[in-house]
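Two complexes come next, and they have one chain in common, subunit A, joined by subunit B in the first and subunit C in the second.
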Partner chain A sequence: MKEILILILLFGLVGSALLSVLIRNLLKAAITLAAASALLAAVMFLLGTWIAAVIELSVCAGMITVVFISAISLTKPLTDEEILIEARERRGRYIFLPFILIAVLALLIILKASNLMNFDFIESANSTSVPDFTTQTSVIWNNRALDILGQVIVLLSGVFGVVVLFKERTAK
Partner chain B sequence: MQALFILVPLVLVVLLNLPFKQAYRKTAFYAAVFTAVFQMVLSLTSGFLLWKNITDLFSFNFIANLGVDFFSLVVLFTIGLISLISIAVCRSSYDKDKFNFFNLILIVMMGMNGVVLTRDIFSLYVFLEITAVTSFILIAMDKGIEAFEGAFKYLVLSALATIFILSAIAFTFNAVHSLSYTDISSYLKGLGGHFPPQIIAALVLFITGLSIKAGVVPFHGWLPDAYMSSPSAVSILLAGIVTKVAGVYTIMRFAGDIMNNITIVSNILMAFGALSIVIGALAAIGQKDFKRILAYSSISQIGYIILATGAGTPLAFAGALLHFFNHATFKSLLFVNSAAVEYSTGTRDIDKLGGLAGKMPVTGVTSIIGFLSTMGMPPMAGFWSKLIIIIAVWTSGNYTYSVIALLASILTLAYFLILQRKVFFGKLAEGLRNVKEAGALMSFSAILLALITVAAGLAFPFIIYYLQAHGLLKLVIS
Partner chain C sequence: MIIDLNFIIFASIILLMVTGLYCLLVTKNLLRILIALEVMTKSVTLFLISSGYFSGNAVLTQALVITLIIIEVVVIVVACGIVIGVCVHNKNLDIKNMRKLKG
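So, the complex of A and B:
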């Protein structure tokens, strides 16, 4: 049962990720992106990687969305008419996507229910649902000082990216 | 000692950006130069005991899984050298936001040093990302449509590479239960040639991801645009070292060190290498833009390194490493020349140029040295490394690839003769009567690189003797 729940959540994740790319309204796109992050956090939680789930939920679903929305609130939205025209054009182009998603999901659930396909990879992850800080977990969670240093550097380069690419434009 | 390669630039970036930075904005140039020179000195002198004892005081044990061997030292030295040249060219040719440029160079150096030093595939991924993200910003710095196009192409393909590499890491971790190079290497050795499907998937994904980063044919779509549309100083950095560290160094490290020259990987690499050599050279012949010719030429030359890596013998590896260093110097030299030509004449279109050798003697002479080294003319450095590669590929039994590599040198000759003829020789083109050299720093960079190219070529027998005497031709993880 848990596998099917995870499958549904994963497809919800793909669906909201697609929506966040396809929607023209930035605000709604940011919210669907947050929903995708939240769903991912739920999947991680079900699979027993609690720390990752908490970080995903707080940083990606929480903080980044706040940043996005505060940035978007500074922009000027399209008029309703423009949105309508855009929406009509795009609906024709992407109308088939949800059907494909639902069809694949249904197929996988049927395969699971009739035991035709092996879902070992999910079960093996389930078996470690209580974090034991032995070999595998310790490789991922401990001894990561270098990566934290790397993360600091990534943040620095992100800051410079924003300064270099966006600062001058607002001055104009 | 190894941690210093990352921590020194990091500390400098932080210091440069303290709140009252207006007071010492000008010092960014000196900080960047200091870091580059420091890195060159540190990598050259790491063999001396006293110096090693001093630098080992800063060993920072909390940063585990860093390692250094002869191969990484050569690459670290090259990073320092090319960054120094890029900084010098930026100082004399880039007229916009130099402060941020120097900071970004420091960050991209940290990223590359991390890639070279780490002994853990996940940390490798983190530092590859640092390098890539900083490269996007550097390419897009000019903010024209071209610059954004180049950066966007790189961004998209690099994101694809990231997905491949990350999936490969996940597969590998699932099978090996460890991320360190030594564990993966011994695990692969233990398999004895029978690879489970997920390991094969991981190998294929990893090689593909790294090939995208290296700009190897058929994954080279982003490379000419990225090199061409970025500011000159950035092109030097990208062509000289960034793609080499992010793609070529990692492929060499993985194919030779970790995967122990598995046959299937060797075959893939040799095929990619030969394809790159031929297609890069053919594409270069038809181009009209100075930098674009150099970009395609880079693809072709990187093909030689990949081909030698695929051949996998110790001699081939030595050839690959030498060509790695040589290509970094002579291709950066040619990019410095293109920067000088663009700065002085305002164009890179080779049809609008001509007869510049008389007006820009330093650029003219050094460019000839660069061209000769690229096409493998003795006694330039490029001749020796190409010779070793071709001999090594031949003795490893891959005669066809060896012949392809040899014949492609003629193509190299063709496009460089066209370029040389149209830009530097012939009648002086209209409107170029008042052209002068592009400034002292630019000439200094060109002369320095040309001297290294000539000296490395002339001193080559000594270099190879030294390497052999110290058992350094065989490259292994320390």
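So, the complex of A and C:
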């Protein structure tokens, strides 16, 4: 049952990622990317990493979408003529992507069916047991002091980067 | 019917990576490059999570994935700031118009 659910979710994940690349409208592409993030969060939840799933859902599906949409709203939209030219160019450029994906999938299935490549490359350790929630939270919150310090420094540098970029923009 | 979870997840990782890489190679729009980068990061996140699940080290990979998400957000936010700056300067998002970067 769980495998079927994961299969459906992964199908949706690949499909929405493909749509976010193929859709011409950038706003719709950002929203399909958010859908892909939400589906990935559901897969992560089913695989037993709950805390990372919540962070993925709130940060990737929420905050990055807001950042993308605000960036799209701050940029200049194309005129009708440019849209026509761009649509024609895009069709030529992206037409090969579905065929490449189908070819890659067919290659993987052939490799799998003919046993040329062993896909159990990750050793299954005692029937893929997932630690309980208390163990996970204690490891995540108590044993990662240095890690959290690094993340705070990265976040701080990101904030300074945004401040510098937006300051330069308003000064012009 | 027995579904091989290992194979399904591996195939999705490969397909996501190919999608992002292809978009990164052929696109001429700056924001589309960021979307492609995001799709590729999704593939890496799925790979880390599944490897943790199959090897029984879910907690370790979870810590790694949280760090990955934080760095991803910072990269995307700073890159969006740069894209807006380029758009104000060049008046559009096409990378063909960024000629002043040539040496």
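Definition applied: the second predicted complex is superposed on the first by the 102 of 172 C-alpha atoms of A that agree within 3 Å, B and C clash if a C-alpha of one lies under 4 Å from a C-alpha of the other, contacts with A are read in each partner's own complex, and residues count from 1 in each chain.
Going forward, a residue touches a chain if its C-beta (ideal position, glycine included) is under 8 Å from a C-beta of that chain, and two chains touch if they have at least 3 such contacts.
Bear in mind that the values here come from a model prediction, so they are computed numbers and not experimental data.
Trainee: Looking at the overlay, what does A:158 touch: subunit B (first), subunit C (second), both, or neither?
Mentor: Both partners.
Trainee: Regarding the shared-chain residue A:42, is it in contact with subunit B (first), subunit C (second), both, or neither?
Mentor: neither
Trainee: Quick one: classify A:105 as touching subunit B (first), subunit C (second), both or neither.
Mentor: second
Trainee: I want to verify the contact counts: of subunit B and subunit C, which reaches more residues of subunit A?
Mentor: C
Trainee: Have a look at where A:150 lands relative to subunit B and subunit C in the superposition and call it first, second, both or neither.
Mentor: After superposition on chain A, A:150 lies in contact with both partners, subunit B and subunit C.
Trainee: Could you tell me if A:61 is touching subunit B, subunit C, both of them or neither one (first, second, both, neither)?
Mentor: Neither partner.
Trainee: According to the stated criteria, A:19 is in contact with first (subunit B), second (subunit C), both, or neither; which is it?
Mentor: neither
Trainee: Of the two partner chains, subunit B (first) and subunit C (second), which one does A:31 touch, if any: first, second, both, or neither?
Mentor: neither
Trainee: Which subunit A residues lie in the overlap of the subunit B contact set and the subunit C contact set?
Mentor: 135-136, 139, 147, 150-151, 154, 157-158, 161, 165, 168-169
Trainee: What part of subunit B is in contact with subunit A in the complex they form?
Mentor: 6, 10, 13, 62-66, 97, 100, 103-104, 107-108, 110-111, 114, 118, 120, 122-123, 126-127, 129-130, 133-134, 136-137, 140-141, 143, 173, 177-179
Trainee: What part of subunit C is in contact with subunit A in the complex they form?
Mentor: 3-12, 14-16, 18-20, 22-23, 26-29, 31-32, 34-36, 38-39, 42, 45-46, 49-59, 61-63, 65-67, 69-74, 76-78, 80-85, 87-88, 91-93
Trainee: For subunit A, which residues count as touching subunit C in their complex?
Mentor: 3-4, 6-7, 10, 13-14, 17-18, 20-21, 26, 29-30, 33, 36-37, 40, 43-44, 47-49, 51-52, 55-56, 59-60, 63-64, 67-68, 70-72, 74-76, 78, 89, 93-94, 96-97, 100-101, 104-105, 108, 112, 119-126, 128-131, 135-136, 139-140, 144, 147, 150-151, 154-155, 157-158, 161-162, 165-166, 168-169, 172
Trainee: Subunit B touches which residues of subunit A in the complex?
Mentor: 135-136, 139, 143, 145-147, 149-154, 156-158, 160-161, 163-165, 168-169
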